[in-house]
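For clarity, chains are labelled A, B, C and D in written order, and residue numbers in each chain start from 1.
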Amino acid sequence: MGRMRRLNIAVVGGGRIGIMHAQLVAQSPQAMLAGVVIRSGNRAALAQAGLYDVPLFDDMDAAMKKADAVLIATSSDAHVGLIRRAAAAGKHILCEKPVAFEAQPITALRAITDASGVIIQVGFNRRFDTDFLRLRDMLRAQVLGRLHMIHIINRDPKRPPLKFIPRSGGMFMDFNVHDFDMLTMLTGDRIAQVYAHGANLVDAEIGRLGDIDTATISIRMHSGTLASVLCSRETNCGYDQRIEVWGEKGALRVDNRLPHGVISDSAMGSLHANPLPDFIARYRDSYQRQLQEFLTAVRDNKPPSVGLREAADAVHAAQAAKQSMEENRPITVTPIASR
Amino acid sequence: MGRMRRLNIAVVGGGRIGIMHAQLVAQSPQAMLAGVVIRSGNRAALAQAGLYDVPLFDDMDAAMKKADAVLIATSSDAHVGLIRRAAAAGKHILCEKPVAFEAQPITALRAITDASGVIIQVGFNRRFDTDFLRLRDMLRAQVLGRLHMIHIINRDPKRPPLKFIPRSGGMFMDFNVHDFDMLTMLTGDRIAQVYAHGANLVDAEIGRLGDIDTATISIRMHSGTLASVLCSRETNCGYDQRIEVWGEKGALRVDNRLPHGVISDSAMGSLHANPLPDFIARYRDSYQRQLQEFLTAVRDNKPPSVGLREAADAVHAAQAAKQSMEENRPITVTPIASR
Amino acid sequence: MGRMRRLNIAVVGGGRIGIMHAQLVAQSPQAMLAGVVIRSGNRAALAQAGLYDVPLFDDMDAAMKKADAVLIATSSDAHVGLIRRAAAAGKHILCEKPVAFEAQPITALRAITDASGVIIQVGFNRRFDTDFLRLRDMLRAQVLGRLHMIHIINRDPKRPPLKFIPRSGGMFMDFNVHDFDMLTMLTGDRIAQVYAHGANLVDAEIGRLGDIDTATISIRMHSGTLASVLCSRETNCGYDQRIEVWGEKGALRVDNRLPHGVISDSAMGSLHANPLPDFIARYRDSYQRQLQEFLTAVRDNKPPSVGLREAADAVHAAQAAKQSMEENRPITVTPIASR
Amino acid sequence: MGRMRRLNIAVVGGGRIGIMHAQLVAQSPQAMLAGVVIRSGNRAALAQAGLYDVPLFDDMDAAMKKADAVLIATSSDAHVGLIRRAAAAGKHILCEKPVAFEAQPITALRAITDASGVIIQVGFNRRFDTDFLRLRDMLRAQVLGRLHMIHIINRDPKRPPLKFIPRSGGMFMDFNVHDFDMLTMLTGDRIAQVYAHGANLVDAEIGRLGDIDTATISIRMHSGTLASVLCSRETNCGYDQRIEVWGEKGALRVDNRLPHGVISDSAMGSLHANPLPDFIARYRDSYQRQLQEFLTAVRDNKPPSVGLREAADAVHAAQAAKQSMEENRPITVTPIASR
């Protein structure tokens, strides 16, 4: 690969994910970190993350003056507004998921970004995990023949901070939106029906804030393949991220990745490592690969593999899951009209 | 344990399961195989299974004259009638699951067997698997604290013969009845709601016979714990029998048992054994332990741990699963009145 | 397989291994337990093992009057004398390993047993383990191409009772004799040179009795293939029995067998079962298969796959290991003259 | 950690390892790549590795003018001379292993580098692998109590190019020198005796060049703990790097790291990934951590954890292994006088 001019990227949002993105931009040989839009209270965390001499901004507008592109990693409820402003300013956009809590505004954004000519990519980072890519490629190569079942386990190691809950969109929107997107990405198929059963078992405070922390989601794909998502906000034993696909010729499984390979044998048994501790440890490489795709899309002026259309699909399914839970019945996921 | 008089047991049914039971009875130091009620066409299979000089009968009545107890392993639709006849003859009964395809007739049998004073045990053999017993004991000991999720994978290696389908009661009744029983046995909890989604993906002939071969079942227990059962009639890569339980302190998992421990490393990868090939290989020991419980129950004249009440519960849930699938909505599983 | 007359077998020796053999004979449909030659002090253990109404003898001569064959499971130093007496009485013989502590007397026994016409099989039970047989068959099928290395880990869970040490022949003779035999059985090759380094690290009392409890054994086979045996008398975490074979095309590994498949995940890590607790749990099936081979050899009047010749080879290598340790130099293992 | 002035490092040697080191220096926020001393024929590889605009030198003297330190990654037989020149020029030194093929010249270098005041670190990169560090820390914490056995498997995926063999020092010196160092690093113990058996089984050409490609090494440590190293130049199924330590309370095992977590189940079995493909994939992180230690040692002007003394120890053991093989007898490893 030849060299290209470094793309100046401003990271918007200085929370845990924003700082991780800022690190990745700073380390990329093809990008420059034009600055971070961050609240003054979070700035110490930047230095702790090894980010010195980074221009800091209170507002995205100031940052955009120095940047070719913005990487939006604020709380989700701010995404739509920021995308509008960035598109208006002609800046390329890499925006964290979910773009919005409903499919309609995402569809509306498509018209705006199409008109502006900017590249917009949505941060479904798991699409760039090498294990999931390997799985997808094997499925495309028909290793399993006809697919019977896709089975996703998606479990966080620790419940999120309570202050995060009210602006998260709820667990289906914030967390399982990854799973809905993964089902589509892995199979090329579309979600046809969702039945979701949520419960509040981990922390009663989460329930008091109107959210759930544990769920089973039973899905039918358009092709007839079944799918299941089992989800929890807290394992207390590592970040549990597994996918199995069963088909007529056998199965493919993506097992957890471990932080170390030391096994301790004692009278008690044989003790292996828990899975990696959190999403940053598990998916750092996929975030890096996601950034690389964005840089390439901008350089080549081509749409990235995951944009607003895919974002709308995933959010549409998350909405259906929420409705299913609230009405305790399966919900048909109708195709989005604008396709 | 001291010695006891051997119990004379007649095995009713000469199919694959009946012959396995006859072997186990013949090998037990505490039982005698009084005979096998078997169609003439199946008799060669007995000798192939190493069972020589076994008295053969065309009808259970003749066999019962020689026996203290009957082990009923016919097709499921004959169970209720045979239990009635055995109870009337004062014979103890070990009957394969499911006892019937509806809960009501099972409840009705309870009055009959209670009145007759015979011991009746129902063949939920998985309850006697040492791994599942270990899991149950750990759950009882509160190793996990509050339970969040029980997750069962129940997959057959090969689709059953088509002739078996029409008299099986359907996949939920024939196959998943084990899973419904296991949820109760492991937790001491009861099933409160079932949503089942079935599909016909393995073999279109199964569909033409009105049955399914693939399913997701989403369950809520009375305590609020969620459960999931994923099921298939054909893996093509061994008998896949896994259970995971997640709770506030971590998780317990029962992994598949392998037929051998040879690993083959080559340029292609590291090839491990598939799971055991079928239910007889996987559960032979639990069938043996089940028989032992029956012998002890008869000897001590005490009810076994799994009788008609537990059978009715499991069948009740299987009925609800079928109704849920047919009506595409979750079904509340109401308590059985006669309890 | 058709039925054959049951062979009357007297078990000689009432220790732990003798009782296990008596159980296996009693359970075999093709054998009858003619009695057990046992010290009066050990007789309670027979009943505890479920062996009732078994004829008990103080001496092998009395037992042989009731038997077609003897199964010798006394302490090793008595084996040669008992074999001579049994052969003189015309009884078939299944004798535990090692037959003697030197190769010469074993060779001498060959003339005697050949002349008497009795079948004699030596108890290298590991030859009948299905995992090792699978490994052997794959090696014979040239799965690995040219062999580079055979690597055996042979570790006992707990040091033996001290009273056992003085009559055991020493660790190489008592324990590693299995490994020397296995190298030959797996490859069809012969041991050419042995360098053994022993140490007394587990229990100083074992050292005071003149034995070792830990060893590395470095071996060259006649073909040039290298081999390594790592050995310990005490793991404190289960019975560790692994074999790896490396060759030009890859590797084959036999991993430990586990007593259960329950995995416990907690903040501490993921706890798996230790290997099976002892040799009886690990090799019970191979002892049973060994008995079956003996019964078949007697029935067909054909030599079993493992007789005095193989026993002499293994003992010859164990002697070389002991000499190597004592002289701290590699010892060439010369072919046994009488072959 | 605060920021420090970047250290200018010239990498000497433009082979595969030299280029990897150059990448790591270029990526370090605390170092600057002052240049690479590289033969003109290898320069294309630098650009392929993403290293552009790097000053290139024909000779170390020119490079040293621009550098504070040199990282020596030439063929091993050039190491001593380059270290002398760098020390004379007052440059800090990070030198690949082995420093020399005999202990004596390494000991002689100590006087020179001590006098010059430069920091010298030797490239035993495995010391910086997080799994091995975890193992060492657990051993230091007495998790196992008394140590019985250390068991290292060290196997390359593919034989080295034949042109590499003559200048490598031989397999014990080039490859197993890591294992000898690891035994010391893990235990804090010293090697007392070595018996090595080498063979030429992988490639006859390697034998014709006077080297071996397969070996067993049987070791006694000063404390009495035994050790075993099993080694091969070619697995054909990944880079096999395992260590087990056995002690009175159990065992610790470092298992291989896998390149991916996808498991493929089919009728053939369950196919897992082979270990990582080569030493760069397996140890890239440890090379990075090694560089970090060097940078810190220079900054703080303190000796690194692994210098010429440790290098002499490991080379001393490798010499003993070679002598053992040539004379087919165990060799006592006497302490190095100058300590």
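Keep in mind that, in the parts below, a contact is a pair of C-beta atoms (placed from the backbone, for glycine too) under 8 Å apart; a residue touches a chain by one contact, two chains touch by 3 or more.
Small disclaimer: the values here were computed from a predicted structure and weren't measured.
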Task: Per Cα centroids, the chain farthest from chain C - done: A
Task: Pair joined by more contacting C-beta pairs (B-C or B-D) - done: B-C
Task: Length of the line joining the C-alpha centres of chain B and chain D, rounded to whole Å - done: 58
TODO: Provide the C-alpha centroid distance between chain B and chain C, rounded to the nearest whole angstrom.
DONE: 40
TODO: Could you check chain A for residues that touch two or more other chains and list them?
DONE: 235-237, 249-251, 264-267
Task: Complex interface listing, chain C residues touching chain B - done: 3, 27, 29, 50, 52, 130-131, 134-135, 138, 143, 249-257, 260-267
Open item on the list: So in the complex, the part of chain D that touches chain B is made up of which residues?
Closed with: 235-238, 264-274
Open item on the list: Give the list of chain A residues in touch with chain B in this complex.
Closed with: 146, 148-149, 151, 153, 155, 195, 197, 199, 201-202, 214-220, 224-228, 230, 232, 234-237, 240, 246, 248-251, 328-330
